[in-house]
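Here come two complexes built around chain A, the first alongside chain B, the second alongside chain C.
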Partner chain A sequence: MMDTVIATLISGLLLGSLYAMMASGLSLVWTTLGVFNFSHGALMMLGAFVAWTVGEGAGLGVWIGSFSGIAAAMVAGVIIEYFLVRPFYGSRNMLLVTVMTTLAAMIIIEKGAQIIWGSRLKQSPRLFEGDISIGGAIISRQEAFIIVLAPLVLFAIWRFATVTATGRSLRAVGQNQDAAALIGINVNRAFSIAFALSAGLAGLTGVLLGSIRFITPSLGAEPLTKAMIVVIFGGLGSMGATAGAAYVIGFLEAFLILWLGLYWTPFILFVVMITVLILRPNGLFGRK
Partner chain B sequence: MTRNRLFTITLVGIAALFFPMIFQDSYTRHLAILALIFAVIVSNWDLSLGFAGLFNFGHTTFFGVGVYTAAILAKTFEVNPWLAMIAGGLSAAVVAVIIAAPVAKLKGIYVVLVTFAFSQLALQLVLSQGQITGGAEGMVRIPSLRIGDYNFARDFKLGYYYTALGLTAISTTFLLLVARSPFGKSLRAVRDNEDYATARGISVARQRILVLVVSAIFTGIAGGFYAVYLRVASPEVFGFATLSLALSMVLIGGTGTIIGPIFAALVLTFVSEGMAGIRGFEEARFIVIAVTMIAILRIAPGGAIDLMSKAVSIGRPPPTDLKSKNT
Partner chain C sequence: MSAFLDVENLHAGYGTVPVLRGVSIRLDQGESIGLFGPNGHGKTTLLRCISGLLPSSQGTIRFDGVEITKTRPSDIVAQGLVHAQQGNTLFGDMGVAETLALSAFVPRARKTSTETLEYVYELFPRLAERRKQLAKTLSGGERQMLSIGCALMCNPRLLILDEPTLGLSPKLKQELCDATAKIAARGIPLIIVEQDVDFLLTLTDRLYLIDHGTVEREIAADNAPDHAEIVKMYFGAEDA
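And then the complex of A and B:
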């Protein structure tokens, strides 16, 4: 009994870590630009495929592969911002239009990946081999690595956003673009950085996910849906709330799977989300 | 409605009536039937997305619900396929009420997220309830439409073509009437100036619920028709491919016009299916459609119809109503 509970807790921690990295990337772009990036999941998948191609296909090793995957996602993110988001700044329906253009970007990346890499299942090699045992529950070292890495990454981004000048300029732009421009912040540059950082997070998640699951062109679809539930649950306003909500959802999902099985879990998650939204339209931890 | 537009619509209507006389092979007619189904889906979507300005990204869920309602009723419960098809519209309306409950009070991006997540949930439910819905394999051998002994698939799908045409005609008339009614005007008021609309006594939440339900009815019936026509129900109807194809039709046709998306559906179905026939284009056609969608958003946010009417009006004097406003 105790073993099952510990195993479920760890599984929840793992899910929460992945969701937190996914969702905080979404939240970063949202707070800075007011854009919800639907291609976030596709960027994740792109990172996983590039990491596999460079690391496994070209035989350059898992580390170079992983960094290439993250870099590729960042480049794609900057391209998306430049061509699909920037032209629509200040237009009346910007929110809706950018949802549509990023949705289009998602289709292009997903179908492109299918053409380039095919539908055959692939799996990246792991950074760390072997298993470890935590309180009787056995998990792979790679999964343990993800659980440890996620809070570090989130902390680093939080420090970046609060301490460094660049990070603070992102938040300034998010709060008031005109005022930020007046005090000499390059708004366009801030947008590019926010998108690159967010896409890098997606790429990192993809690289990590690609080593514990099979890589397919639709790798990003399910995590994107979960990340959406997370941001609805936590509100899009602050990264802290988003990360917190990600872990809540991760644990909830792990325990629901234990109690109700894989099939009913998405349904219950959705019902919980709707209930939260009806009671608190700005998210569970949201203010305003 | 201007006389010009009425003339065009009449002309298209007559062409549609005689279409089967010209194209007698069942493949072309099959494409035409699919195009008409999409025309119903996207014109109804335009009512909530374009007319009411509601960021509804789960419209194809209503279609999928219609598909599965009709499939389950007609096959498992052996209900008359005609009734099963209509029931698809009813159950889609019920689902619209459920989704409208949280959406009515939400703002902006949260509406997008909830409606979108809802379509994913519907997909999960269909996949997980395999004993009812057939799971990932879907359902096959759904009974087809017939009157007496006459199966509608006979004579190269002649019956199905006219049923689809009739459905499109009824749905479009209904939508145009709704759009011109006081209710339709209140929807536009909510879209263009929510605060002012509220100040004039329009309940934004109520109009949102109503527009979702109204737009779900014919979409669901179209779903039911799709099930009894193709005789299969597959979870793909809830997927990204259906959603993005339909969305591109609304955008390319022009939001808030009802008629625009219908024409876009007719053209794009043939284009998309035509590209599917080209070797190596089965997947790439979606990229082509996505790029077109982006291009339309950048060049002509009003849709291709807008672009065409601009091109036509070059060199003509500006419309009189604009002139009178300026003087």
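And then the complex of A and C:
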């Protein structure tokens, strides 16, 4: 019994770690541009495929592969921002239009991946081989690495946003574009940086996910819905709230799977999200 | 002598609604000027055009001999032309100290940021007391101080102040007038928009009356009309 609980806790921690990295990328773009990037999951998948192709296919090894995957996602993110989001800044229906254009980007990347890589299952090599045992539960070293890495990544993003001039400028642009421009911040460049960083986070999450699950063109679709639940659940905008919500959802999902099974879990998660939004419209940790 | 700032025949508006219909103003080297006139006749729109926030449909703007009509706002700030907006919440969820630190963003501002920060806190001791406070929790007067403080952090060669005393209590208004006088005394040329013409006359060399989207009248400060006449200008009794 104790083993099962520990295993479930670790599983929740792993899910929470992945969701936190994904959701913080989504939230970065949302807070800076006011755009919800539906292609975020597809960027994850792209990162995973490129990491596999470079690392495994071209035989350049897991490290070069991983960094290539992250870089590819960043480049794709900047391209999406430039061609599919930037033309609509200042348009009255920007939020709605960019929902459509980023959805289009998602479809293009997913179908493109299917043509390029086919639908045969692939798995990236791991940075760390072997298993470790924690309190009787056994997980792979790669999974343990993800659990340790996620808080470090979140901490780095938080430090970037609060301490560096570039990070602060992104927050300033998110809060008041005119005022940001009037102290000399190039608003368009801030948008590009936000998109690149967010896509880089998507790529990193994809590379990690691709090492513990099979890579398919729809790799990012299911985690994206979870990450959206996390971002909304946590209260749009705040970094700490998003990270907190990611772990809450991760643990909740792990225990729901244990108690109710895989079938009912997504349903219950959505019910929980809707209930939270009815009771606390600004999200679980949201402030007014 | 070429003008420090030269705005020629500027037209601009929002959508299809024209607001500026051929405004020309100039500011010579070492001068400060004032703009006044009724609300809703283009003063703020003119400032938004000068700082690059709003594109103009016709006309040119030159700053220190360089045309900036189509330059983006961040590059205009980098050249030292800085616009302090009316006291709104700059970045609501940022603290006072963080906002000021961020405002020294362009290269020419970074070089002087330590000294400027000291100067801003000396000019507005209230900001120094509220370093950690979030901008959205500041009072109207404090927001105005922060707005001017941020503009100063940009290390301006020409500073535009849009109604620094708008909607403030008489005591706070006096505080901001004094601060504006100190900034002028420091040798920073100013463009000040204000309704209080007497205050403008103490700080500037020339005034422009902006009405119906054009310059209705140019007034030299040493040859200023008296109060009654200015009231007449406002309400249009003179030409009616």
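Methods note: the second predicted complex is superposed on the first by the 288 of 288 C-alpha atoms of A that agree within 3 Å, B and C clash if a C-alpha of one lies under 4 Å from a C-alpha of the other, contacts with A are read in each partner's own complex, and residues count from 1 in each chain.
By definition in this document, contacts are C-beta pairs under 8 Å (C-beta built on N, C-alpha and C of every residue); 3 or more make two chains touch, one makes a residue touch a chain.
Computed from a predicted structure; not experimentally measured.
With both structures placed on the common chain, the touch criterion links A:Gln114 to chain B but leaves chain C unconnected. With both complexes superposed, B is the one of chain B and chain C in contact with more chain A residues. Legend: residue contacts after superposition of the two complexes on their common chain; A:Asp178 is shown touching chain C, with no touch to chain B. By the touch criterion defined above, A:Thr205 reaches neither chain B nor chain C.
Of the two partner chains, chain C is the only one that A:Arg168 touches; chain B does not reach it. By the touch criterion stated above, A:Trp264 is placed in contact with chain B alone, chain C being left untouched. In the overlay built on the shared chain, the residue A:Ile278 is in contact with chain B alone; chain C does not reach it. Looking at the shared chain after the overlay, A:Asn37 reaches neither chain B nor chain C.
Partner chain C is touched in their complex by these residues of chain A: 162, 165, 168-169, 171-172, 175-176, 178-188. Chain contact summary for the complex, chain A toward chain B: residues 30, 36, 84, 87-88, 91, 93, 95-97, 99-101, 103-108, 110-112, 114-115, 221, 225, 228-229, 231-232, 236, 262-264, 266-267, 270, 273-274, 277-278, 281.
Put simply, chain C touches chain A in their complex at residues 51-53, 72-75, 77-78, 82-85, 88-94, 98, 101-103, 105-106, 109, 150-151, 153-154. Those residues of chain B whose C-beta lies close enough to touch chain A in the complex are 55, 57, 101-102, 105-110, 112-114, 116-118, 120-121, 124-125, 128-129, 240, 244, 247-248, 251, 283-284, 286-287, 289-291, 293-294, 297-298, 301.
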